Amino acid sequence: MITLSSTKEETRKTCKIIRYSPWLVHFNTGACNGCDIEVLASITPLYDPERFGVKLAPSIRHGDILVVTGAVTKKSGERLRRLYDQMPNPKFVVAVGACAVDGGVFYKSYSVEGGADKAVPVAMYIPGCPPRPEAILDGIVKLLKKLETGDEKNE
Amino acid sequence: MSSRLDFLSSFTIETLVVKPGRKTYVVKPEDLRSVFSKMIEVLGDSSFYVSTIIGTDLKDEGRIRLDYYVVILPEEETIVLRTFIPRDNPSIDSLIDLIPGVLPGECETHDLLGVVFKGNPFLKRGFFVPSDIVEQGKYPLRKDSGV
Amino acid sequence: MGISKIIEVPLALELPVGPQHPALHEPVLLKAYADGEEIVKVEINTGYNHRGIEKLCEKNSFYRDIFIVARVCGICNLVHADCYVRAVEHILGMEISNRAKYLRVLAMELERLHSHMLINAVMAENIGFENLFMNIMLDREKIMKAKEILTGNRVLSDYVMVGGVRRDIDGVKKEKIKDIVLKTEERIKYYKKVFEEDTTILKRLVDVGKVSASDVVKHSLVGPVARASGVKIDSRSSDKYDAYGEIPFNVITRSEGDSWARMMVRWDEALESIKIALHILDHLPSDANPVPDEKKLPRKIPAGEAYTRVEAQRGELTYYVMSDGKLPNPYRVKIRTPSFNNIISSGFMYVGYTIADLPVILTSLDPCISCMERVTIVDIDKNVSYRLPFKELAKGI
Amino acid sequence: MRKPKLLKLAFENLVSKPATIQYPYEPTVIEPDFRGRHYADLNKCTGCSLCSIECPADTIKMTPIPQDYEVPKSNPRKIYPLINYGRCVFCYRCITVCPFNAYVSTNEYRLADPAKNDSSELSLSTLKKIVKEG
């Protein structure tokens, strides 16, 4: 399974495939839909991510970047793992919003796992509650830039 | 408006006011169904709706309090029907056949507080409370649930 | 061994509209059992979005709860915070200045505006009108800018505090918000005309998901869903909370009761909100400083209970807060959101329509799954000839 | 014949300015009082930890100030609030409740980072390092 931190050469070669047209798949694992409408707003013509080739993929099989919003509730945690396995390689996860990064205000609740990194390996964290559409695009562009340099450390 | 509701006085044990200004009638749990069927009879079934059912676990009094918030339609006035049921095996008869609108309230009170509504076929445990809490057989909103 | 039972097994298609679906932005699983094209039964299966907020509210203090409660739903966060804060103010018996009341109503009306534009855009996207979706979202960005000017954050505005609001507004901000709202007014009039004349929208929306007035009241549906069927309920005009007593506005009702009527009620309410916002910007009283000093707010909350109602974008939202006077935490916080009633008892609306109508009817109810996440729902078959799909046969009757 | 209205609209869009803001190259307008990154100014902070009690997401941890920093006398316990930006919800409750107004707030919103960062180097930058003699 080629992930970020396998051999540097391999990562750079595979990531060249998706560097110019990374397709997003958005999954809401129990969020307050504040981050979802910001992800939705960042797809609209005002910020126009299609300049970077960023588009919402129709199904998970075509997705390259999995945008996770929301404090991962226990029940949707299994769906998140299943979704992550269904994605073709190379795949990256972007955690959008304070809930997806570390659980936000709900991290002490009984039905919340708190944070997407407890279910799937996360490549980029975008804090903010909710992060502005520019911050989401900025995070994705930073992820793309990091793929070019390929100096990837964390798994 | 209060003239139409004076049939309630025959059932109520005591009346009080929930801030700001909601008249509350404390009724016995057994004749809750008759209160609602009388209400349908007097007011008609499309001139009031049950807004919400609030279950509160009064641990030190050993009782569970169920409040039925009813909105009387033409003037949109909210009144409260309050009943108390014992805490160890709380059960009350359901109103699902009289008023279909109570389904969400009853399912939630059952799943979060453990109140059994006799006659409601749709009660299921554990679709929204995560499965590990269900196995432990805990009700999250109970004060001693330790969740 | 005689034949004891004949089971008539039609091929019933079980279509799971899964928790991850391009049309749905939130995790809910709709299991629609359809015979051919016609939907026989819908099982709405939730649990993916439950965060245990009511138990969490009991573990945190009254003031920390304001920020937890505001994160129940991102689109109607200010309405949640305002309703909770008014409940605490009733328990404390605290009066707030007139200016703070006007500012709260202004912020809530801006939020209603952008929420109605969003749900109409998502409806246009679900019936395939991609271009209209992009245009409405483009104009909605201006309203988000106005909300950012007023409250400091685009979506989650954390604007309400016990005793008033957290930011005041000066002349420059008032002018900026005013011309944004005026510019949006003609755009909304234009979109309303598009929704009235465009043939694709009319074909997909008219006579889909029809609900009669008596059904609305029996299933206690609230908000634009009820007002589109002629039931005149609006917490703003009945409870007259905050500053709604002094502001002239009228409640919009229609009588058709189908998805198209629900969308038109939302457009009319958006125009109504613009009228309210402009009225507030012209008649903003300046009697006292609306910003309370958060360092001197009372720590101990006396024993008591309060039940407040507010008109959220999707309907009547009620909060019940009870404090036992000993702990700084509330004893019980009960949140009943409009989508809780609208979505859960809406299983009967889908029966009889085609599969293609499923997303249209669901979107016309303006589903806010993060609001709704309290309980599970089970299949409700309402006087429909019971057909046995394969799956249930396998499970054994 | 209602069709010409569409032609008028199409022509209008043809000549009108594109609506897209070239975001990374052309910065979007951010309000000066937008709630962005914030950190504690350790010259005013007295380590009373009221902000970490009031924070709704418990992201503020009172951590001891490292040895090689000059600590002002007003901070006897030598601790300072460390904000973990990963879980912070930017509600500015800490800023409004701080009795000494010791928080500096900016409207910086680009916080995306491969690792979860916190406010340590920003807060410590407000203090002077002790110059090691010899």
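Note that the chains are named A, B, C and D in the order they appear, and that numbering of residues resets to 1 at the start of each chain.
The rule is short, and it goes like this: contacts are C-beta pairs under 8 Å (C-beta built on N, C-alpha and C of every residue); 3 or more make two chains touch, one makes a residue touch a chain.
From a predicted model like this one, the values you see are computed outputs, not experimental measurements.
**Q** Treat touching chains as neighbours: how many steps, at the fewest, connect chain B to chain D?
**A** The distance in steps between these two chains is 2.
**Q** Does B-C or C-D have the larger number of C-beta pairs in contact?
**A** B-C
**Q** Roughly how far is chain A from chain D, going centre to centre by Cα mean, in whole Å?
**A** Taking the mean C-alpha position of each chain, the two centres sit 22 Å apart.
**Q** So the centre of each chain is just the mean of its C-alpha atoms; given that, what is the distance between chain C and chain D in Å?
**A** The answer is 31 Å.
**Q** From the mean C-alpha coordinate of chain A to that of chain C, what's the distance rounded to whole Å?
**A** 27
**Q** Of all the residues in chain D, which ones touch at least 2 other chains?
**A** Chain D, residues with two or more chain partners: 19, 56-57, 89-91.
**Q** Where does chain B touch two or more other chains at once, residue-wise?
**A** Within chain B, the residues that touch at least two other chains are 128-130, 140, 147.
**Q** At which residue positions does chain C touch at least two other chains?
**A** In chain C, the residues touching two or more other chains are 47, 50, 52, 55, 67-68, 71, 138, 156, 373.
**Q** Which of line, ring, star, complete or other matches the graph of chains that touch?
**A** other
**Q** Applying the document's contact rule, which stretches of chain C touch chain B when the two form their complex?
**A** 45-47, 50, 52, 54-55, 90-91, 213-214, 217-220, 231, 233-235, 237-239, 304-309, 316, 318, 320, 322, 331-332, 334, 336, 340-341, 344-345, 373-378, 380
**Q** In the complex of these two chains, what residues of chain A are touching chain C?
**A** Going by the criterion above, the answer is residues 25-38, 40-41, 44-46, 56, 58-60, 70-71, 73, 75-76, 79, 83, 104-106, 108-112, 129-130, 132.
**Q** With touch defined as at the start, can you tell me which chain B residues reach chain A in the complex?
**A** Touch list, chain B to chain A: 128-133, 140, 147.
**Q** Can you list the chain A residues touching chain B in their complex?
**A** 73-75, 110-111
**Q** Which residues of chain A touch chain D once you look at their complex with the stated criterion?
**A** By the definition above, chain A touches chain D via 45-48, 51, 98, 101-105, 107-108, 123-129, 131-132, 134-135, 137-139, 141-142, 146, 153-154.
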